[in-house]
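Dropping a structure here in structure tokens format, bear with me for questions.
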Amino acid sequence: MAEGRCAHLVLGGARSGKSAFAEAQALAAGDVGRWVYVATARAQDSEMQDRIDRHRARRDPRWETVEAPLDLAAALARHDAPGTCVLVDCLTLWLTNALTEDCWPAEREALLTAVAASRARLLLVSNEVGSGVVPMGALSRTFVDEAGRLHQRLAATCARVTLVVAGLPTTLKDDCP
Amino acid sequence: MAEGRCAHLVLGGARSGKSAFAEAQALAAGDVGRWVYVATARAQDSEMQDRIDRHRARRDPRWETVEAPLDLAAALARHDAPGTCVLVDCLTLWLTNALTEDCWPAEREALLTAVAASRARLLLVSNEVGSGVVPMGALSRTFVDEAGRLHQRLAATCARVTLVVAGLPTTLKDDCP
Amino acid sequence: MAEGRCAHLVLGGARSGKSAFAEAQALAAGDVGRWVYVATARAQDSEMQDRIDRHRARRDPRWETVEAPLDLAAALARHDAPGTCVLVDCLTLWLTNALTEDCWPAEREALLTAVAASRARLLLVSNEVGSGVVPMGALSRTFVDEAGRLHQRLAATCARVTLVVAGLPTTLKDDCP
């Protein structure tokens, strides 16, 4: 089987509707009997906790929620059976966590391997962050660079890539059989 | 009649050519005998006044200009006759005004109702602001979130949605009969 | 011959894969026997020098490298023969240099003339910077405005315009014969 043959990368700006699009895709998928939602957010302050709570309340009850702010590859490996749909929301929060904890290269390579190896149906949601002015801080520039490079590598591996703008999907790649 | 059956949401980044595209669409529309330009900008400083003046000078003389920094729904209701083309430029300035004046939820709901009710041909221009790094300030984050949510709701209501990049339109939705 | 008949504008966010896309397009082009890479970067600090070195090391050995942080039109005029492919990477760094040196209008007009006059195959790479929050500083706003206006004018002149997201190209315009 080809690498990442069932993986779908869903990109979009902030509040673009990318998560809702990915969830709808997941619940409409055939041959799926189990839905695993992998949340990468860390509730470090009340604003973020509010966002997490709102997202969780909005989700269909069929979702099991797994938290993986780090070691995302291990979460994918634990839920890689055929018939499982795994939605990761979102990669940019996980990237932020890994940069903060200084473990990004190892996290990244493990994730790319796990995506290619998974037999589950994967939906990977990530934020487009590179189309504004390049930020002044070195950490923000690293974040933009690493997000962009990750998206390129995942887009090469995934069978499908979709860009969501105002809740509307544009197909950037569709190699699904 | 379907909701927002003649409404067209035009999205684009800063200086993407979205206003010029929307104006050209308006002036080329059939069955239109009156053109109303709804300007939402507030001239709070000389830089903004320069922008307003440049925009106005560039516009075709067929346009009547109406200013509506707030109470945008009322402006649409006053100009909702069939045969009228109403161009709102732009929604993100209006959002900024409403957040500043602390009346955003009421403004937003009234606008969504007015768009669905209007019998005029509507062109709604708005800035894509969510594809850069999420800004540090809480107010900027609220702005990005509310702009994104508004675009999703309007995109669901409008019959057409276009993204303009470098002056070139990409159709995201076209349900026009 | 039509203006800019062989020119191709390649837009994309930071780390979108726009340079790699443009280089691949250049090397795959038929009827080309010489490849000129016009680098506009200025190594003002070690971070930028690292980026320049990485880019140069990644490039195919067929490329001759020319440096043109300013006077970009002259660089195009020196390499405008048919059978030459000229890749400029990137326009936004050149814009930054010209704004810093206070010579932007003259640089811009000369470049637009040179693009229209060139008989070489041109690939012009530039950063999409206008889809984030409008920055606070006046210089950053000028940068965003001028980048957007330049992209509009070049997109009107060039025969092809491509937007690259996550390494994947979307065609915005293709008037090539």
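What to note about this one:
Letters A, B and C name the chains as they come in the text, with residue numbers starting at 1 for each one.
Assume a residue touches a chain if its C-beta (ideal position, glycine included) is under 8 Å from a C-beta of that chain, and two chains touch if they have at least 3 such contacts.
Chain-to-protein mapping (UniProt): A, B, C = Bifunctional adenosylcobalamin biosynthesis protein.
Just so it is clear, the structure is predicted and the values come from calculations on it, not from any experiment.
Where subunit B touches subunit C, under half of the residue numbers in use are shared by the two copies, so each contributes mostly different positions.
Rotation relating subunit A to subunit B, from a C-alpha superposition: 120°, rounded in steps of 5. Here the CA centre of subunit B is 31 Å from the CA centre of subunit C.
Contacts with at least two other chains are made by residues 13, 128-133, 144, 170 of subunit C. Residues 9, 11, 13, 128-134, 138, 141, 144-149, 151-152, 154-156, 161, 163, 170, 172-173 of subunit C touch subunit B in their complex.
Every residue of subunit B that touches subunit C in the complex is listed here, in rising order: 12-17, 47, 127-133, 135, 140, 143-144, 165-168, 170.
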